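We just call them A, B, C and D in the order they show up, numbering each chain from 1.
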Amino acid sequence: MHSFPQHLLDGHANFMSGRYSREKERIRDLAEAGQTPSTLIIACCDSRAAPEMIFDAGPGELFVLRNVANLVPTYQPDGGQHGTSAAIEFAIKGLGISNIVVMGHGRCGGIQAALDPNSKPLDSGDFIGKWMSMLGGLPAQLGQNDLMTPAERQTALERISIRNSIRNLRTFPYVAALETDGKLAVHGAWFDISNGELWVMDVHGDFIRPAL
Amino acid sequence: MHSFPQHLLDGHANFMSGRYSREKERIRDLAEAGQTPSTLIIACCDSRAAPEMIFDAGPGELFVLRNVANLVPTYQPDGGQHGTSAAIEFAIKGLGISNIVVMGHGRCGGIQAALDPNSKPLDSGDFIGKWMSMLGGLPAQLGQNDLMTPAERQTALERISIRNSIRNLRTFPYVAALETDGKLAVHGAWFDISNGELWVMDVHGDFIRPAL
Amino acid sequence: MHSFPQHLLDGHANFMSGRYSREKERIRDLAEAGQTPSTLIIACCDSRAAPEMIFDAGPGELFVLRNVANLVPTYQPDGGQHGTSAAIEFAIKGLGISNIVVMGHGRCGGIQAALDPNSKPLDSGDFIGKWMSMLGGLPAQLGQNDLMTPAERQTALERISIRNSIRNLRTFPYVAALETDGKLAVHGAWFDISNGELWVMDVHGDFIRPAL
Amino acid sequence: MHSFPQHLLDGHANFMSGRYSREKERIRDLAEAGQTPSTLIIACCDSRAAPEMIFDAGPGELFVLRNVANLVPTYQPDGGQHGTSAAIEFAIKGLGISNIVVMGHGRCGGIQAALDPNSKPLDSGDFIGKWMSMLGGLPAQLGQNDLMTPAERQTALERISIRNSIRNLRTFPYVAALETDGKLAVHGAWFDISNGELWVMDVHGDFIRPAL
């Protein structure tokens, strides 16, 4: 056990003298009263795509699940230890959130791995390969159009994958039921890690930059 | 599909005019060159415990996995879609990170559920129950001392669970090997969501507030 | 009979030229008028946990009972020579104190002995073993969780023991009656002998650091 | 449960900014390395006779047992919960202290109660009466000399009682054995709570003011 990374300790000291110091009352109230976030964000682990940064969100605002490539599996009540499904269940059944946002982002390493037919497993356990296999035949269905650039293919799959996760989300009976009742809204978003733009899914399923 | 939540759009506008505007160069370089975070944080989905807030971290610094109660399973290369293991594999094998921090926090809803012998599943799928069953007999081993308060039992299990996740982390062959070679360090941390304090594991496995 | 320890004589000379010299009037008045402390502190014999040091208290302020591990037995008017009960009776019935503080502390040797199932009696008289048996099954009720560190178990039992002493205090009929009448308040405290912090029991029985 | 007494919180704040701040290193070392006091002081609970004040002693110096009237019972390994004997056993067998000081003081309330043949029990439990009965016939043996003032009788019994406690101490087999071997010294002291003087027992058992 090495000593705790100094850059994290320094960062925490900044937090204490900065945000904590300024918002102490609110933070303590949140601890005492319990969290009541209205939104579940399903995002990627990527260090460049933190939801709290992108949405300038403070403590108590966002319930955040982060896995590689922000994937959502289908509803599988088979007794397995499904971490993503547990977070979705907790957010909806335990916290009563009213919005779910599946947020992908550009240059996603997991999507890139899924796109590369020659990619080798990172390790013999091949957890990434198994995890990304949740996309099934979607990468292959992008076809072999040789006038589509690699970047375009990547962005395309990032967005297809968001729609796939949303489709899977709706296999959860309570997601479907609450959405039908107008008590829960499911959204898609895609963040451009280079120019900072947020693209959101419109009623057609297209990604657009929202009007300001 | 409802329209995208306005508070998220407003937050993103703040991001663009604030941090993005100030750090544009760095953010674009990060997009271009790829991420090279040195640290994987395994944290909870709780809206009051965002790693980027706690460590005042900017884009590119932290690769962040968030699931309910920041649990890590044992190494199980069984072909299942293990999201947490995929993130760990990607962080180590794909990004070459040199620090892993398992960070728990106070008043964790998942831990609370694990402690309550009378808790009912939130849903018939019972994903939370199955997920928290990763703790095995640890909650029961806390005993039935009636002079221990509920808050004390909760803090005790939050910390026990961090140690359990660290023990499980070391069942990943590459974690154990890299740690032995001094190329990877595994840390534990516990965040007090009320007073903002960070407690870190020392060489004895105890949680202490680091000297400033 | 050896000569009186020189370090104590030197210390007393310091007292005479220091505090006594400065507070002579008050000290003499206290001798003449009699003591009227408002608080009984029940503390441990440990050399690192003197109540007068911890509370920066001067002559006349604290009526102080110190035994191993600051234990209070239940009310047992059986004719035995109960030293702790005698001090409590004297403080309440003789001096009319209005506050009782049961103060435990970290790294308590008596608690450590109670926690070790393999500890051998220090002596054939085994006074420590008999004395600590006042805790009954509380140490065993902490369970056998192997991911709880020895230091955590110790702190847990130190705090449980304080609550047990408070529960026992309330078996004294006058303690219960005066407390009900609002004429006596019973408090718990735990002193960290390393960092100097004082933790006090809140309304839930939890130990917290009081806000300054 | 009332809120913790403010005067104690204020006193602790003084401790933290005063002594703790000045002696932090030493105090932390003591916590880490364990206490090694060389002296056990058996003193009274009286608020005007704190050993640490009288001997200007800092953390780690004195292992302090305080009961009403600083009494020591005889060695009674009968299975009872003897608090005073437990502290003596711990000090000698557990800590290896080399000096024991039985310290009485002027105007002691316990001694006063023992002297008054008309005194009524403070309470039906009569813990004080039972406790002071440890002196047996000693108060009565002072006789009825009507030219001895009450103050003289009180001082006389205070000093007689110290010698009685020392006699009882020597019924502890290890006290007697270690004293014979020259590894333990037993001392008597009497503190004048009015003028601050310390009187110590000489080789004849007389109380004298030590030469400076």
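One rule holds for everything that comes next: contacts are C-beta pairs under 8 Å (C-beta built on N, C-alpha and C of every residue); 3 or more make two chains touch, one makes a residue touch a chain.
Composition by chain, UniProt nomenclature: A, B, C, D = Carbonic anhydrase.
All figures in this text were calculated on a predicted structure; none of them were measured in a lab.
Chains making contact with chain A as well as with chain C: B. Separation between the centroids of chain C and chain D, computed from CA atoms only, is 15 Å.
One finds 67 Å separating the Cα centroids of chain A and chain D. For the pair chain B and chain D, the distance between C-alpha centroids works out to 53 Å. Contact with two or more other chains is made by no residue of chain A. Shown here, the protein chains touch in a chain-like sequence that does not close on itself. Pairs of chains meeting the touch criterion are A-B, B-C, C-D. If you check the complex, the residues on chain B that touch chain A are 1-2, 4-5, 7-9, 11-16, 18-20, 24, 27-28, 30-32, 34-35, 37-39, 45-48, 50, 52-68, 71, 73, 75, 77, 79-91, 93-94, 99, 101, 106-107, 109-110, 122-128, 130-134, 172, 174, 185-187, 189, 193-196, 198, 200-203, 210, 212. Taken in their complex, chain C has these residues touching chain B: 138, 140-149, 151-152, 156, 159-160, 163-164, 167, 204-206.
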